[in-house]
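There are structures below to look over.
Both complexes shown next keep chain A, but they swap its partner, so chain B is in the first and chain C is in the second.
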Partner chain A sequence: MFFHRTARRASVVLGLLFLVPVLGADTPDFDTMLREVDQLGQFGDRDFSGVYTIVSQVPGQDDSVTQARLFRRDRSDQFVLIILQPQIQRGQGYLQTGDTVYFYDPESRRFERTTLRDSIQGTDAQNRDLVRGNLSQDYRVTDWELGRLGSFDTYILDLEATGTGVDYDRIRLWVRTDRPVVLREENYSVSGRLLRTLLFPRYANVGGQAVPTQILIVDGINDGERTQITLRDPSVAPIPDGVFTRDYLERVSR
Partner chain B sequence: MITLNASAAKLLFIGLLLSCVLLTGAWAQDFDEDDPFASLFEDDDMFDDVDEDFDPFADPADDPLVSDAVVWSGRFLGSLGAAWTWLDPWGEGVGEPDAASLTPGVGADLRFDARPSRDYRVLGSFQIRASADGTTAPAGLDGIALGENDLAALGELLVNGDGDPLFPGGLPDAPDTDDDAPAGGSPTIELSVFELFADFNWDERVFFRFGKHTISWGVGFLFSPADVLNLTAIDPQNPDGDIEGPVSLRTRIPFGSNTANLYLVVPDNAEPRDLAIAPQLLFEIGETELGVAGWYQRRRPPRGILTLRRGVGAFDVFAEGVLAWGSERTYLEARGGDDDPPFRTVRRDDGLFPGATIGFRRLDDIEGLGNLLFAGQYLYNGEGYATNTLPGRDETVLQIATAVLFQQAAAAALAGTVPEPDDLISLVSPDDPTLAFSDIAPLTAGRHYAALTTGLTDIAGSRFGVTVFGIINMTDWSGFVSPGFSYRFTDRMNLSATTALNFGRPGSEFANPATRIPSDGLLSTNPVFPDTRPIISVNLSLSLGGGSF
Partner chain C sequence: MGTLLRTALRNLSRQKRRTVLLSGAIAFGVMVVTVINGFAGSFLENVTENFGQLLAGHIFIEGVERDEDRGEIQIIRDDEALLAAIERSGVNARFLTRRSDVRGTLVFGGRTASQQIVGADWSVESALTERIVLEEGSFDGVRNGNGLIVGRPTANLLRLEVGDPVLVRLRTINGQQNVGEFRISGISFDPGFVAGLTAYADRSYINELLQIDAQEYRQLGLLLSTLTEIDESADRIFEEMAATLDVFERSPEDADTNPISALFDQARTEEWEGVRYRLYTLNEIVSDAQQIVVVLNQVSVVVLVVLLGITMIGITNTFRMVMFERIREIGTMRALGMQKAQVLALFLAEALMLAVLGVLAGLLAAAALMAVLSQFYIGLDTPIFVLLKDGYFTFRVRPGQSLLHMTLVVLFTVSAAWFPARRASELPPVEALRSTN
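Here is the complex of A and B:
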């Protein structure tokens, strides 16, 4: 009986001993972490530009290739995205000024309002994938755990939207523990259905910031549909003011 | 030696396991060999070295504003349309249709784009349309519009006192209406310049566009009362269709997120002083775009214009307001008591004529559902008639206006062939202003209109799509509804079937247009109009080989 009690106590104490380091460990400041994740992709007073190539794979169809040049000016919440390929859509483009995103339709000569969630040329890539995020303002961390992805230790964060004006109600984020770099992101619907998985295996240091140079998007609904985004010529060279105007979008359109 | 019984050992094991799981949250990740993405992150150094000062404008090949060669592009339009119309399905049933047609449509748009330097560009767009003879089904907005061909009926309508036709063989020079033989002649080819303009600028500060080009002016999706610059208006049934612009010079100065435009529009056959002037300021205020504009042309009503557009949730909400001084239309009025003639036509060159519209639109790719278009719009047409009948008369304004137009047209057509052609005019004075087809065109007669359009394509990943369009004149409560579905066989072959049900009392705007053409007594002060009920039409259209190149 003594041994039984001793063993029971020992097992509980032993278990608690193992628990102590976990319960006692400092919980990371996730608000700060999300702000750092947001900041890492922001260029402040410097402009940013680059050429994105988007390869979309749909089972049973030929791969579609879209190439677009992005001009960003974060200090005034502006971006311009110009389609370069395919040739037939060359010149179509998006313009964000403040909180508004316009798509210029060269056929109707009209500027149509759209959203950051709008897909780029029908691919799984969205405008928001190419511009800075706002995770720290739009989401809060509801749960977390430690994990490992490939060679990297990661925090796996469960995010929940704080309002209704977001594209996804829930996001799961894999962030490196040694620096606030996102490796993986999962977007969920309000019902908990996985809609998209985004992977960020390559980055570039540009202007002191980290920019994904390779993004893989896996469609969570349509099996086998994938989109790969690669970035070339990332730059923080100054961009003329005239680029961030409707007029520029009209001029480049065909 | 300590020995443990089974339950104690079990407790110890669970405690150890729990601790391990909590200590290493990635336990499952560490040993989850099924994670297909882990291999993407095996490289310890995931950062690439780049030239962060790369000039994106250094290589002309990368600059979308410059092109070594003139780029030609275009699209082919091919379709085969079949239409059947039943004018009185309620009485005669839907046996043999009253009208049937088979209409091929072949066309192409060709566009060239030359960009020899960053500050100079020339663009031209040409439309080629080949059309065969065919009968257009009188349904929808096209169906309710009366045109020159309707004057062909005058030959049978003009009768003497004995009821015998004045011109039994048709009007002199009237269109030949013998269409017994099936159409099979050579198709008609139409070639037109849709756009042709040059872009140039001064020091990247002031941007000019001169030539024939579509002007982006209003914000309405189905109606745009603010757009007085373009030559054609939005077709509510095809709101994404082409809108043809005039020859104009646009001067644009961006300032911040805002834009100042000045349009100088060149009218046809005009003196220099007839140049139309239209300044416009577009302000971006948060999520709202506010436009303030004006329009002036000598001898035409000047206008002040406000436009507003902003996003509200998933919807794009827009509004236009127009205030014009005077109207370009000719109006029909009733004279008092037993006056002869009983009506008069008048111009209203003075007075304020407001117009306004407000609407919404949602265009979205809804995951698992399809591509959705949902839009609705209300139009206040201050130039329209407040009621659909005139005091003391049973006929509608449109019936009397149509009879007056026919009388005036007959008098004009017969001038020189009969001694007193003015005797053909009995509803109004021969000295009154002349009515034009534009005075009774669709969307002009009523004061209040509303339209709704919705479409869902690629439903749940399939090749099916559905559409519903409806429009109503809330002054005479006529309208029509057009549901349809489509099936995409391939990207180059699409079948669509639509039906159109027109409703409204005889003589109202969207009712059977035949109820507005006098069936008897055209030359009297009491013309008789047929009393037919709503018509139904069915249209099948197969698009063949359409696509861009």
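Here is the complex of A and C:
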């Protein structure tokens, strides 16, 4: 009897000893981590431009290819996105000045208010995917665990929206443990359904910042639907002020 | 005058067969245009009424909030002030409907279809169950829970059957992405342009997906007793609303096209705080249908002119024949002192009597035809259901339009007889009497 009691106590002690490293491990500062993730694609005082190609695959349909040129000025929350392809939509564009986002259609020659949530030409890609995120303000971490993705150790973070101003109520994020680079992201609906999975297999160093040059988006609802975004000609060269205006959108669409 | 008309009538009765054929031709034309006239008269009324049932109202009120990040949000959170304004206006609605609708993408078996999904309170909207004709399934599922009624085209496109689970991608009222898990409870007959694009569900589930409270909704509909009240009632309600609530201008000056588009454009271009209400009517929605009535009116006149044109040739030839047949009679009358003008008047009176007989017969035939047509139950499961009233053809002959047609008939007939009659009156009595005809 005594032996059994001693053995049980010993096993409890041993168990606790094994738990100590886990309980004692510092919980990472996720607020800082999210801020760093936000900062990663943030160009601060420098401008950013590049050409994005979006290839959308829908089973049973031909692939659709959209090409757009993006001009970003993060310090004043401005961006201009001009559609280059397909030909029929050439000249359409988006302009963000401050909190307002406009969509310009050269056919009607009208600007209409829109939001960053709008999908780009009906694909799974959204305007928000191409401009800097604001995870640290829009979300809070509700849970986390350690995991591995490919050859990288990752923090797997469960994020919940702090308000209703964001597209996805919940996000699951895979962030490398050695540096704040996002490798995978899952977006969930308000009802908790997986809507899309984003994979970031490639990053490039652009002006000292890690910018994803390839994003794969897998639709969680429509089986087989995929979207691939690739970035080419990234640059941090200064962009003239006149680019971030309505006039510019009207002029280039002619 | 009386003698003239009696003589004209007697002359017509002398050639009964010919008179019946000529007035029959006129009657046929009158019948056709009267039926078209009657159909056009009830067309707009029936279209408006049917749309009223499907859209659950004759007058619609929506609340719109503007948010920099979320854009335009259509919602009525608290309708107390709104209902008070309606009460002050003195307008008595047959009933009020509170609907929540959302545009969503139905996903099933790798296929997708975009639909407007209307969330209705089925305990109030009993009329809707009579208006939607189900080919399969029942309304039980949508009355409570996550049932969905889709139109036949959507069911075919997605290869859906009753009982199938279907996902619907949509956005909450704040623009967040959401997914609804519905089950097909019914497949409705596709009567054409409206139902094919609309699916129906329970409002409480739609509210849940939109992330709005159970008592909130997106559109208030007022169903009135008669269609003639729509414009006046809307004016009165709008006046009361404008006195206490923030409202969109109903007929903006730049409304160069559709009044509804102009109204909705204001929400995209103007700035305001809180909630601003917009009011529009079914008459404004179906304003394009007015054009169809105008076209129908024009068609009826063209049909009448063509038919009368053909009949005129017959009348002219017949009267020339009549003149030759009665040439000695004309000579005798002229010899006995009858003036040229009296001969002319006699022939024209005969033509007039012919026209009147044709018109009367045509009206009677049209009335009979319309009575027969309106007895047939065409049903609601037909592409032309929107033109019918409860599945029946209805006709409303507009007196003004009818009067125009009758005037045309008389003018054409008398004109057709004018030249032979004039020639008859111009005949010298001696030559007429010498004639061997």
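Worth a mention:
Please note the rule applied: the second predicted complex is superposed on the first by the 253 of 254 C-alpha atoms of A that agree within 3 Å, B and C clash if a C-alpha of one lies under 4 Å from a C-alpha of the other, contacts with A are read in each partner's own complex, and residues count from 1 in each chain.
Just so it is clear, contacts are C-beta pairs under 8 Å (C-beta built on N, C-alpha and C of every residue); 3 or more make two chains touch, one makes a residue touch a chain.
A quick note: this is a predicted structure, and the numbers were derived from the prediction, not measured.
If you put the two complexes together on chain A, you find that chain B and chain C bump into each other. Once the two complexes are laid over each other on the shared chain, residue contacts for A:Arg69 go to chain B alone; chain C is not touched. By the touch criterion defined above, A:Thr100 lies against chain B and chain C together after alignment on the C-alpha atoms of chain A.
The wider contact with chain A, measured as residues touched, comes from B rather than the other of chain B and chain C. In the superposition on chain A, A:Pro59 makes contact with chain C only, not with chain B.
Applying the stated contact rule after C-alpha superposition, one finds that A:Ser191 touches chain C and leaves chain B untouched. In the superposed pair of complexes, A:Arg113 makes contact with chain B and with chain C alike.
When both complexes are overlaid on chain A, the residue A:Gly224 reaches chain C alone and has no touch with chain B. Looking at the shared chain after the overlay, A:Asp167 reaches chain C, while chain B stays out of its contact range. When both structures are laid over each other on chain A, chain B collides with chain C only at 253-261; the other stretches in 1-9, 199-207 or 253-261 stay clear.
Chain A uses residues 99-100, 112-115, 189, 195, 221-222 to touch chain B in one structure and chain C in the other. By the touch criterion given at the top, residues 59-60, 99-100, 112-115, 117, 161, 164-169, 187, 189-191, 193, 195, 221-224 of chain A touch chain C in their complex.
Against chain A, the residues of chain B that register as touching in their complex are 2-5, 8-9, 11-12, 14-16, 18-20, 22-26, 29-30, 35, 37-44, 46-56, 62, 64-65, 71, 73, 111, 113, 121, 123, 199, 204, 207, 213-216, 240-243, 245, 252, 254, 257, 259, 284, 286-287, 289, 309-311, 316, 363, 365, 367-368, 461, 548-549. Residue ranges on chain A touching chain B, taken from their complex, read 3-4, 6-8, 10-12, 14-19, 21-22, 49, 51, 69, 71, 76, 78, 82, 84, 87-88, 90-91, 97-100, 105, 107-115, 119, 144-154, 156, 181, 183-184, 189, 195, 197, 199, 201-207, 210, 213, 216, 221-222, 233-237, 239-240, 242, 245-247, 251-252, 254.
Chain C meets chain A in the complex at residues 68-71, 107, 110, 112, 167, 169, 172, 174-181, 209, 211, 268.
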